[in-house]
Every structure is written in structure tokens, then in C-alpha cells.
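Structures follow.
Look at the two complexes coming up: subunit A is in both, with subunit B in one and subunit C in the other.
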Partner chain A sequence: MFTSPHGKGGKQDKMKLLTHNMLTSNIIKTVTNGYPLKIVPTQVEVKTVDFNPEFISRMLPKIDWPALCQAAQSVGHGEGLPEALTEKYEEDEMLLKKVHHVLMQVEVLEGNLVCPETGRQFPISSGIPNMLLNEDEV
Partner chain B sequence: MAHSSSGRPERQAPPEIFYGEEEARKYTSNTRMIEIQSQLSERALELLRLPEDQPCFILDVGCGSGLSGETLTEQGHFWVGVDISSHMLDVAVERETEGDLVLGDMGYGMPFKPGTFDGVISISALQWLCNADKSFHHPPKRLLKFFSSLYACLSRGSRAVFQLYPENSSQLELITQQSMRAGFTGGLVVDFPNSTKAKKMFLCLFAGGQPQQLPKGLGTEVGNSQRQQIDFNSKRAKMKKLRGAKSAKGSRDWILEKKERRRRQGREVRPDTKYTARKRKVTF
Partner chain C sequence: MAASMIDGQNMTKLSKSERKLRKKQTKSQHTLLKHDGIKASDIPTKILCINNAGLDSCVSRDEVHELFTIYGSVEDVIMMPQKPYAFVCYRHEDEAEVAYGNLNGQTLPENDNRKWPVTIYISYVSQVPPSLSPSKDLPPGLILIRDFITEDFARRLLESIKWDEDTSQGLQKELKHRQVKHYGYEFKYGINDVDVDDPLPQGVPDICQELLGRALKTGHVKYLPDQVTVNKYQPGQGIPPHVDTPAAFEDGIMSLSLGSQVLMDFRHPDGKHLSVLLPPGSLLIMTGESRYLWSHGITPRKSDILPTPDGRLTIAHRGTRTSYTFRKVIPPNDRINRHIPFTTENRQPNPTKLPQSEADAASLEQIHVHQVYEEIADHFSGTRHSPWPRIADFIRSQPTGSILADIGCGNGKYLGINKDIFEVGSDRSLNLVKICESRDFPVFVGDVMSIPIRSGVCDVCLCIAVLHHLSTEERRLHGLSELLRILRPGGKALIYVWAMEQELHKVKSKYLKEIKVTDYIDRSTNDTDTEVKQVKVNDTPRDSSEKDVATQLNGLSLSKGEPDEEKTISVNMGHSENDRVDGQEVILTPLSCDRLATSDSTETCELCVNASGQAQGHSCECSDRAQNSRKMLEVHKNRTSFKQQDMFVPWQLKKKGMEEEGASVKDKADPVFHRYYHVFRQGELEALCGRLDNCRVQDGYYDQGNWAVILQKL
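For the complex of A and B:
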């Protein structure tokens, strides 16, 4: 696994950890929760995205914090994230910037998402997770 | 893009096949297609009525090459797109769209955790769900699965707007029926219902929250005033209408009718005034 600083000229689009934080595998028939999906990355990139503090603080209540920490660690960007979210996160710009980096700038280009219940793998290729199912999983 | 029933893409192949490399290419090179798509997305976004000056998190179902997503980005929103055609997603990647992309089948349900999105937008995708492209596909079941998983991943009180091309009224009925069963309220908004060309249908759904009023379709207000006009017409004129007689060509009535008809088609028409159809002075 390697991390390249700025992608191939930003040509390709990748899965942000923001999207990962929202994805579940509960569309599989036998899965009840399917959350959080484990990330097994083979290629991770960091892209520069404009910092939008309003959006980040709007999204924070929707973010599953432990899942984000776990995901950030699995792609090697977990340092500096507090274990739990403080009450007044809107005013803590340092925290918002850190969250912005993890949510919006760290992107998984290649790898797998693994369902925590069944171990089913969803491959990520060129940053697009493949969530298509087989006949017997519907 | 009114498809005749034989020319409908849904009749030709499943979506992941139909939107192959060649078809996907059109969405970057064909300016007319791009224009139509972005017009539809703009109208859908208007119907979505997101809180102003607030960046929202939107799901784009059937995002294709990300044209509708571009409209979202322009307005300062963030989005995630789902599509079944990997070729279309490849084009989206090439176009460097801002949003994240997920390869998925809407009939299998939306793989997102509850309360994720502030709204859903979908352009010309929903009618594909009415097809059984595989032997184990059962359209009503797939529709219900889609709508109920969608309802779950929306935050309460948010909206979902689908622009769609239903093949016939029974298809439309099935779609609305299944969405209501999944818990949505709302209904169909039709823009320019009297024009074959400009007519566009939007299924506007509300996910819980305060009761909301369905927005009006464009070009429908005129239709109401027309109805009133008929009501206030003299009895004789009414009888004449009933018999289906047309007004004399060139008369004031004839011109008013023509203007009304064009208005219903969504064209630009000058307002009716006392000068409408007035003869000019001979000495002019």
C-alpha cells in the first residue's frame, strides 16, 4: 500500500471516507446491520479539496465517529483524531480542519470493502466501490 | 426526448448494457443531450427546494456521467452518485466530477445508513426499474425494495425528486403505488402537460416530517384560467364549443384560443390585452 501526495494530476475520482462512513452492506438479504464496512486498501490518495467549515459541521452529527476513526486508521491517516467528539465542535477549527482532511481529502483508489457480518468483499476499482449483488444475495 | 414506444431505450437492453461505451460517450460529446440533461437537473433541483445558502448532502440515483451532479456542485452542494453502468461512471470519472460514485443496482436497495441524505435527485432513471431484465427480477418487488431503502437513508422531512419517462399510465401507477407503500407522500408534478415536446414529469416525494404541499407544474396555471374563461363565457359560446365549432379564422376568439394553446405548450406568448386582435386604423 502506498500513499501518493496529489494523484495523477487529479484526473481520477476516488472514494472519500465521507462516502465510506455512509455505506452499509445491509442490502444483502442475510445482513441486518452491515456497518461499518472494513476497508482493505491497496492504494490511497490525498487530494486537495476546498475547506468548507459549514458543511463539515453540518455533516458531523450524521457521521459515525468510531467508524470514521477506524476507517482513518485503516488507510493510515488516523493520527490526531480524538477518540470521542467534544460538544462544541463547531468552534474548534483545528478539529474541523482535521475532520475535513480525513472526510474529504483522503481517498481510496483501489482496494476492498468487507462486510463485517458475512465477510463478503466489495471491490473498489478506480475509486468506485462495486456494490452490485449476486442473485442469491438479493 | 419523447421516445416513441419502439425507440424507448428500456425496450432495447438492460441499462448496464444499453449505456455501453458508445452510448456513454454521447453524454460528453452531444451538446443537445448535455443541455437537456442539465435543464432537467436544474428543474429537479428547484423542486427539491433545499434550504438556501446551506451546503447539503445529496444522493443522485442513476447519476450516469455526472451531468446532474455538476448542477448540484454549481449550487454548492455535495453529492454521491449511484449508477449501474460502469461505462457511464467511467465517463463521470473522466469528466472529473466532484461527487463520489458507487456502482450499484437501484433494485437491490440503496446501500446507505439511515438518515444520511438531505435530498435525492434522479434524472431519467426510475423507469428502468419497471423492466425485468433478469429472470429473477420482479419489478414491483424491486421498486418497493428501492423506495423503502431510499426512505430509510433520507433524513426526515427531506424530498426526493425523480424525473421520469413512464411508458404508460399503468407503469406510472405502479411506481407511485410502491413509493406510497414505502412510506413516502407527495405525487406527480407535470410541467407543460399540454405539449408533447416540452412535457416533463417529476415524481416529487416527501420523506415524513411536516405535511408539505406539492409544487405546481410549469405551464399549468394558465390552464386553470382557461377553464375559468369558459365558465364565464356566454351560454351561446358554450354551446358552440360543445358542438366543436371553431371560431372564425382571424377573429379575436380565434387568436385568443391560439395564444392559449401556445401558452399551454410552454411557449413565450404576449399577454392578452384589450389591444389583442384589434384592427389597425385604415389611415395608419
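For the complex of A and C:
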């Protein structure tokens, strides 16, 4: 796995950790605990996205925080994230910037999302996670 | 005197009811024979067909089993999806005879499964439906070689599989219906393909080399396989119908059966169904039509019914069956511009029935929705540019920091409209999603039937032109419930579906009104004398700017010489007075009758004959009446009113670089793809939403030939 500071893929969106925060493998019929998906990256990029503090503070309550911390760690950007959110996070600009970075700027280009319960892998190729199920899993 | 009168009455009554029973029975046997290839026998057989005791009659397998066990040892009770009958297999004929004598005509009381009693009618059978028993014929291109390996070798082969060792490496997986192990390359079920750059450490096992050598010598297989999938099926397990990815593997796919016999179902897209018995030790080779066009699968069941040499039927229990599937992977470079035989392009979808089972529905959508979008993605995307105003307004009105999921985002034309919210798109088509990705939107590949998003996380959902591609009401309802699941309480979904009514309050939709000049010039073969004055080329919604097929303009009445204020070509609307005499309807009716006559439904055919006899220009009313049973799907004529709710809509593919070469295009036959649609009648979408109690329809409206609702999750 490697991280390229300015992705050569240009400004195109790859899998952001915000997208990852929404994804689950609970859709597999037998799976009840498919969240959060483990990220096994082989290529990660960081791109520059304009910082919008209002956007981030409104996004935060919708985020599953432990899942984000785990995801950030698995792509090598977990440093500096607190274990839990404080109450007045909207006033903590440092935190908002850090969250902005991991939610919006860190992107996974290649790798796998792995179901925590079954180990089923969902490939991420060119930044696109493929979450289609085999007919047997529906 | 009085007493004897009563006796006499009783006698008459009894024989009357007996007569009634016999009549009903004859009728029911006749129906079974006609519809499903079941033959009743005059002499007792150990296999009984119990009409009105099937799943479609709301009778459960347990209920049948319990009832018939009283009269002898029941080997198996076979229920078939969506059938009104069940098969009971006794060990001995005399047991079947006793059961027949005691239970024929018996009424089963109402219970938890059903609110009404059912009366069962029993027949001895000498022939069961093709899905339960081997067919006489094989699909074209299918080769079955019995005793291809010896029992001793089969044993060694089975012993050579180390099922339990490799779990950590992901080479072996427990799928819902079976155990699977791969060699050479892992077959990845999510993409239905292998990753050529990621070969497995273990290639094709050495033990297989000798048999593969012999297989090649048969001449039916041209390439030495480099990918092996081993499946282990326990009795009662199966595999859903599928076609091995045409682009991924060479022709000549082999399947070696070990351990137990099984009945494999082969289905042609036109509905033809053949069952092939695979004995242990046999090698099955799928080539040509049987490899590319017919799907194959195994119905999960514990036994099959086989004919005995003396012409009777006997039950064969399935044991544990292990199969080796041998395939040759096509390297990615060789896949480019490769012609795949029997692909969906130009494949006539007729006659296809409206799906009756979940498997049928999924298979129809796979072939006539998913595969088609995959193949037309580039061209399709090129015809979808500007967002629709009301949809764009809805997106713009969402507050900063909202999370919006566009389920079925296509080429992503609604992504990126509001920069203050987070918009993520998903589509079933990888190729369409790739187009989004190249345009800078966060996307993933996913299915509306199982949206891989955790519950309650979205503030807003878009689902534009998606639900009309689901082929049963239950599936449409399920799609809707998935959208609601991912919404938070109070969150909203905007849903658009294509409308049956392409003309509302005497205003025709853009879809009907407008036609592109190239469509007209290139494809008009009959109306050569019609002039094209001017044509508006509008960017209409996702499903309303279809290119039109060669046949589209045949027989259509173009408004030649009429005032043409709109400067658009007006096309046959199906409701005008003229089109009753322009021949179009007259052509359609006999066609649909032909198709129906070849199907096994007499009712539908009669209805159709009646309809054509009345000849009021509505050829397909009959299909509507038979909606839930055997409705045939017709191919819609683009730019005309819809004649039925379920149909195929043609898409004529323009290959890249051909758009500008007007004249030359005419000579080349562009491939035509058929997409399945269920268009919604007025109020239908709201009614569907009404079936879910966790939502409220906030707004409903008609927008250029589409029905739309804004739903709020409660």
C-alpha cells in the first residue's frame, strides 16, 4: 500500500471515507453484523478539497465515529483523531479540519472492503467499490 | 315410504357428488396435462399428484406430509414454486392406492396459512413436469458423456480436495447454497469474473490433467482450461439459474459430476425448459447455444423423479454431489472487440412471459436490464445531459451537510448539483458508474434490491427511473422499502417512474412528440415520401429520449401535409382515429396470437382471439386480463403510446464514431437491445408506497410522461 500526496488521478473522486462510513455488508442474507467494513487498501490518495466548516459540523452527528477512526487508521491517516467526540466539536476548528481531511480528502483508489463477519471481499477498483452480491448471497 | 324416499334422495345426492368429483378430477387432470406436462395414469403409481395442495394453494409441505404419512411411508413431498399441486412419493404403490382412496376429494380446513378450506384431487401420474424429471432432448450444443471417469478415480479426485485447509486464504467459501473452492483463478462472484492479474497459488490440480487431455480429444473443447471451480452440494442445495460470464470464459465449459446424480435445469430465454440428468462420473460440456444462450441451474431439492425401464416413475434421492467446473479464462486483451455469440444484442426477446417466480424475475432483469445497460452504457450516457428542472430544484433545496444517495444514478447527471451537500451515487451498471467516476462524483456499484448503505443514514434519496425496471410488484415494493430503510426518520425520497399515460389532459409527453432527425432519416424505410421539415432535439429524461429502431417508423402515420406548427414530427399516438386503419394494430394482433398459441395457455389464447375478433384496435387487452398468469411480453414501438404495462423497449445502439456518418449507418445493422419495463399507471406508485407503513406520500405529480412522488419516512 502506498499513499500518493497528490493523486495522479486528478480531481476525480475515489472512495472517500465518508462513503465508506455509509457502506455495510448487512445486505448479505446471512450477515447481521456487516458494519463497519474493514478497509484493506493497496493504493490511497490524498486530494485537496475546500474546507467547509459548516458542512463538516453538520456531517459529524451523522458519522459513525468509531467506524471513521478505524477506517482512518487502516488507510494510515488515523493520527490525531480523538477516541470520542467532545460536545462542542463545532467550535474546535483543528478537529473539524482533521475530520475534513479524513472524510473528504483521503481516498482509496485500489483495495478491498471486507465484511467483518464473513470475510467476504468487495473490490475497490479505480476508486469504485463494487458492492454487488452474488445471487447466492441475496 | 318416507324413509325410502330419503334413501333414494341420498343415493341420488351421493352419485351426483361422485359425478361432480369425477368431473372436477378429469378437468383438473386435463389442465395439469395441458399446462405442465403432467400425465395422469389409469393404473396406480407410487407417485401421486395432489392438485390444490401446492404452494400456490397456500398449502405447506408439512401439511401435505403429515396428511399422507398416515397411509404409508412417504419418501418425499415435492412442492413447486407457484404451482397449485404437489407430488407425494410413496415407497410402495399399495400405499399410494390407500391414500388415494382415503384422501381424494377431501377438504382441508382453513388454517394459519390460508383463510379458506381447499379440496384436494389426487391423480396417479406417469409423467411429471420437466423440472422434476429428465427431458428427452438436450439443449443444442450440450454434450453429456456418461462414465467419463471410473468410480475409483472419482473417489481419488474427491479425496484430493482439501476442504478445510484453505479457509484463511479465501480460496474456499461457504456460499448460501453450497461449498465452493477455486483453482487457477478465483471466480469472484461480485463481478462474475476472475482477476487475471491475481492468480491463485495453486493452478489446475495435476490429478485433472489426464481427464482434461481426454476431454480435449473429444473435439468439443478447444482450449485447455486454466480455471477450476469445485462446488459441493448437500442434498437440498442448488444453484440459481445463470449463464457463465460470456466475456470471461471461452466456449466449451465442462462440468464433471461426482458422488451423486442431479437434475440440471436448462432454460432458454423464450421460456423453454429442459432438464438433464447428470449421473455421477459423467462429463457435461456446454458449447454454443447451450453455453451462451441457455441458463443452467439446479433447483434446491432433496430428490428427483426418474423413469424406470418399465415406463414407470421412481424417486431418486440426491446424495452429496461434488462438481468440477473447468473453464478457460479469456485474457483481458483478447476480450476487446471480440464477438460473443448469442449475446443479448439483436436477440429477439419474444416470446417471453411475465415472470412468475423470483428466479424468473431476477433472470429477466439480468438479461433485459443489467446486461443491456452494461452494453449500451456509453451510448446511453451520451443521450443524457441536462438534469430535469424539478429534480434539480429538489436537490438544490436540501440544506448544507445533507447526505443524499442517488440510487440508480446512471451517468450521474444529478450528482454535483448542490455543492453544500454530500451526494453519493450508485448504479447496478459498472460501466455507467465508471462514467460517473470519470466525471468526479463519489459512486459505487450496487443494487436497489440490496442497497449496501447502513439504515437511517441518508437525509435524502433519489431514485430516478429505476423501479420500472423491476419485473414484479413484490420486487418493486422491496426496492421501495430499501430506499426507505436507508433514510433517517423524516428523510425524503424523490422517486420517478415512467408512466403508462404518455398523454395526460390531452398533452402528449415529449417522448411521444419528438423524434430525432437522424432516427427518422436513417430508419425510415417505408415512408420515403415524407418530408422532414425541422426537428427539435430535446434532452428528455433518462427514459424518454430513446433512439428508435428500424421498425419504428414502418406503418406510422407521419403528419405529412398537415399544419406543423410545432415543427416536430408527430408520430402515431395509438389513440387517434387514423391509426386503426394504418395497419399497425392489425399486424400486432395475429403476431401475439401466434406466440400465445405456441405457449401452453389456452385461456390467454382464447382471450386474444376474442380481442382480435372484436378488432377494436386494442390487441393486447387480453394480456392485461391474464396479467398474473401467463402474460407475454411484447416489444414496444418507440414513440408510441404504451399498449401494456410490461414490455420490452428497444434501444438501438449507435457504436462510437458512427453518429456522424448518416448514410453509412443505414447500411450497417445497428444492434438492438431490449430493455424490460413496467410502466406505472396513474396512482400506482402512490398505491405501492401505501403498502409500506413507514412512509407518507408528501407530494405526487406528473412530469413529462413520468409519475413522481416525494416520500417522507415516518
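Assume the second predicted complex is superposed on the first by the 135 of 138 C-alpha atoms of A that agree within 3 Å, B and C clash if a C-alpha of one lies under 4 Å from a C-alpha of the other, contacts with A are read in each partner's own complex, and residues count from 1 in each chain.
Keep this in mind: a residue touches a chain if its C-beta (ideal position, glycine included) is under 8 Å from a C-beta of that chain, and two chains touch if they have at least 3 such contacts.
Here the structure is a predicted model, which means the values were calculated and not measured.
Once subunit A is used to superpose the two complexes, subunit B occupies space that clashes with subunit C. Judged by the touch definition given at the top, the superposed model places A:V108 against neither subunit B nor subunit C. In the overlay built on the shared chain, the residue A:A72 is in contact with neither subunit B nor subunit C. After overlaying the two complexes on the shared chain, residue contacts for A:L96 are found with neither subunit B nor subunit C. Between subunit B and subunit C, it is C that contacts the larger number of residues in subunit A. Shared-chain residue A:T24: touches subunit B and subunit C both. Of the two partner chains placed by the overlay, only subunit C lies in contact with A:S57; subunit B stays clear of it.
When both complexes are overlaid on chain A, the residue A:G119 reaches subunit C alone and has no touch with subunit B.
In the superposed three-chain arrangement, subunit B is struck by just one stretch of subunit C from 24-32, 366-374 or 600-608, namely 366-374.
Taken together, the two structures place residues 11-16, 18-19, 22-27, 35, 52, 54-55, 58-59, 62, 64, 126-133, 135, 138 of subunit A in contact with subunit B in one case and with subunit C in the other. Subunit B meets subunit A in the complex at residues 54-55, 57, 78, 80, 82, 84, 86, 89-90, 92-94, 96-97, 100-105, 108-113, 115-116, 134, 136, 149, 153, 155.
Residues 170, 173, 175-178, 188-191, 195, 239-240, 242, 362, 399-403, 405, 420, 422, 424, 426, 428, 430, 433-434, 437-447, 449-454, 457-459 of subunit C are the ones touching subunit A in the complex. Subunit A meets subunit C in the complex at residues 11-16, 18-19, 21-27, 29-30, 35, 52, 54-59, 62, 64, 119-123, 126-138. Those residues of subunit A whose C-beta lies close enough to touch subunit B in the complex are 10-16, 18-19, 22-27, 34-35, 52, 54-55, 58-59, 62, 64, 126-133, 135, 138.
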